[in-house]
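Below: the structure, in structure tokens.
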Amino acid sequence: MYKVVKNAEEALRDIQDDMTIMLGGFGLCGIPENSIGELVRKGTKRLTCISNNAGVDGFGLGLLLETKQIKKMISSYVGENDEFERQMLSGELEVDLIPQGSLAERCRAGGAGIPAFYTPAGFGTEIAEGKEVRIYNGKPHILEEALTADFAIVKAWKGDTAGNLVYKAAARNFNPLMAMAGKITIAEVEELLPAGSLDPNEIHTPGIFVQRIFQGKKFEKRIEQRTVRKRD
Amino acid sequence: MYKVVKNAEEALRDIQDDMTIMLGGFGLCGIPENSIGELVRKGTKRLTCISNNAGVDGFGLGLLLETKQIKKMISSYVGENDEFERQMLSGELEVDLIPQGSLAERCRAGGAGIPAFYTPAGFGTEIAEGKEVRIYNGKPHILEEALTADFAIVKAWKGDTAGNLVYKAAARNFNPLMAMAGKITIAEVEELLPAGSLDPNEIHTPGIFVQRIFQGKKFEKRIEQRTVRKRD
Amino acid sequence: MALDKIGIAKRIAQELQNGWYVNLGIGIPTLVANYIPSGIEVEFQSENGVLGMGPFPFDGEEDADLINAGKQTITTLPGAAFFDSATSFAMIRGQHVQLTVLGAMEVSQNGDIANWKIPGKMVKGMGGAMDLVASADNIIVAMMHSNKAGESKLLINCSLPLTGVACVKKVVTELAVLSIIDGAFHLIERAPGVSVEEIIAKTEGRLIVPEFVPEMQL
Amino acid sequence: MALDKIGIAKRIAQELQNGWYVNLGIGIPTLVANYIPSGIEVEFQSENGVLGMGPFPFDGEEDADLINAGKQTITTLPGAAFFDSATSFAMIRGQHVQLTVLGAMEVSQNGDIANWKIPGKMVKGMGGAMDLVASADNIIVAMMHSNKAGESKLLINCSLPLTGVACVKKVVTELAVLSIIDGAFHLIERAPGVSVEEIIAKTEGRLIVPEFVPEMQL
């Protein structure tokens, strides 16, 4: 299974206006930087983006907000971002906020062929409005439906030509779940290896979930909150 | 988090008659051999066992069938086992058969606080009798509920003192899912290492799911279907 | 002449397309892996948690921890991956597997399949079969056209407890290749030397026979 | 004298029990990690996918791939594990985390909590807060007793949009430790030198005051 494409341009060649795209990452950690850059270059419009966060001004999905390519954000936490705030308050940008655990589970469900599940998260809040409530174990739960996307774009540390992926540390986050939920899943990796280089025991995303893979040209890996301690 | 116990006896000390126990493994692959041996020694009675299979005559859960310690089996595939067949046909043994994917997902759901989910598996069959049906994406799905257990007993390849587990090859199977779903989860491992020995990127079951861990005394690892090819 | 098991496997192997992930059931379906057409690359998924299955190990190299869903010792190919059973059925239920090949006791003209239980006999369980048939978009059944009593296994309605409903798309038997469309078996090909009449005689369910029925090319 | 933020964190740290897994929210809750009582071993879970969080890295050793849920660079301790977000919330929803500490804008006498949205202001989202409060058996809120306008944050009913319903078990403020039981705040301890009268005056919700209210021991 040879899934390698040359670069972001080839990987994203058929992403079109009005599509729904999942993008892995938590904050700026583990985001598909090269693919976001390519979306900016392509100028694809009116995208619905499913991503836990919306980047910051000038980086990550913030870049796509600046160029107004995003019609709707589906996220759990947004707004480290002035441009986001401006567009949201002006009504230019639709925003659908989802509890983080429900967002993760809804992506996994989408990839796993589970169309809906019950979760306690959000019961009694505005998130539950219009949703079915059912009591399990004496506790109210709401029904949440699966999420899928035309394209899922994920970022991994290492990948092989068969599409198997390994993530590093906390850069894993939503990436494996979104990889499952894309009709087409694109992986950009820091290091692309021949099939057989990765230990089959250590693979986080089996290649079956990945349709295209490429080695990213450059990873800036910006840090959002640099917190350090002094050496003694 | 030091979770090490001395042996199977200490690990299983408070498993009592009439409890529900999950046991990892697929066929004879990845089963907690040492703990099964200890259950036989203890003579705990009227157990409800959740396990994909029921062992074979003289090995795996077959040992607990011989001693008639099992009241009920919840499995997807059984009966490589004459004693099982005899007890089932005579009505001594209750058997609840569940599609394999639903069994796996129900264990995961139990561990993940998802009380119920919809799946297409089993719609239109006797498995769906009495279960709610709902159409998603034009296709009927049935509602399945989570499974949990008083104890989950899993077998891993390597483990550390903090309860982190790594499985080998196809011996992973149901083990990580059941590890999530036990009120108390016991892991028996081939190799027990100090915390910090395992790469945090490569852990299959994070220690939070495991309450007790011990190094198994002996792993026989019987092969159920030895299939080989000739050397050229 | 009616095909043997290998013939059925060879014919099914012709259905494989490049880049597909394939789940093969126990029995005839397993044999399909031996007849992959040249130029076609597929990867085999085993529902116990293996992607990239290779051939059986050399004698003496069996690993008890490395088996397929039939509990047989196997090997893996470069690019293989191991995963847990929930992830495995996520692949299946989520339709990431492009083809499922499995055996059956009965198939009905609307695509129902029965392959797990015979009332009054010891029930071994459905294993992963119910998940596979309920989820896969593309299911091929590999089976004999008739049972040991000589009765057709391609029926109007299944008589045995069902494994899945309206899910089988294609059946390959020792006599024929048949598609299931709109509540009928459509005769696509016949085994070399097998007459259309024999197929008609041995098919209980509604059978649509085109004017010309080509022979299988094996 | 009312506690400062560190005092609140220290008091909450006294609630920790050996062997607990703990999720700490942003702000005061984060500080709790600095005051773990001696002899107590706990492990910190961060909902973005880290178990076994350690202190901030030394200057120059930050790793962009290793952050906590507050997006701060962190380190890990021996025995740490990384996992995806679905597994992370499986830990939370499945009640494998024994204690959740988080901040709040308002808490009501029946344990409702509001901490994610102020109508008319920019909404940043709930992040993992709704999952955490709906799932955890043991939730401690760390917050100031009153808001900046001097109004009580311990209310009969929350006025802001809720994050969760009937979930908060304990509140630690700069003035007091309060349990929430049967629709009322129960005053458990007061900050050193703080009078019961002050706490009564600053608590809008129903407050049960026992005859003797001990001072916190910090």
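We call the chains A, B, C and D, going by the order they appear; numbering starts again at 1 in every chain.
One rule holds for everything that comes next: contacts are C-beta pairs under 8 Å (C-beta built on N, C-alpha and C of every residue); 3 or more make two chains touch, one makes a residue touch a chain.
This one's a predicted model, so the numbers in the text were calculated from it and none came from an experiment.
> For the chain pairs A-D and A-C, which is connected through the larger number of C-beta pairs in contact?
A-D
> Could you please state the distance in Å, as a whole number, between where the Cα atoms of chain B are centred and where those of chain D are centred?
So the centre of chain B lies 36 Å away from the centre of chain D.
> So what's the Cα centroid distance for chain B and chain C, whole Å?
Inter-chain centre distance comes to 28 Å.
> Send over the residues of chain D in touch with two or more other chains.
Within chain D, residues 76, 82-83, 86, 89, 92-93, 135 contact more than one other chain.
> Send over the residues of chain B in touch with two or more other chains.
Answer for chain B, listing residues that touch two or more other chains: 105, 108, 112-114, 119-120, 167-169, 200-201.
> Quick one: label the inter-chain contact graph as line, ring, star, complete or other.
If you draw each chain as a dot and join those that touch, the picture is no line, ring, star or complete graph.
> If two chains touch, include that pair; go through all of them.
Touch list across chains, by label: A-B, A-C, A-D, B-C, B-D.
> Which residues, counting only chain C, touch chain A once they are in their complex?
19, 21, 41, 43, 45, 51-52, 76-83, 86-87, 89-97, 135
> Write out the stretch or stretches of chain B touching chain A in their complex.
Interface residues on the chain B side: 105, 109, 112-120, 134, 136-137, 141, 145, 166-169, 200-202.
> Touching chain D in the complex: which residues of chain A?
26-30, 52, 75-80, 85, 88-89, 95, 97, 99-105, 107-108, 119-127, 157, 167-177, 204, 221-231
> Under the definition above, what is the set of chain B residues touching chain D in their complex?
1-2, 108, 110-114, 160-162, 164, 180, 194-196, 200-201, 203, 206-209
> How about chain C: which of its residues touch chain B in the complex?
Those in contact with chain B are residues 46-50, 55-74, 76, 82-86, 88-89, 92-93, 112, 122-131, 134-135, 161-166.
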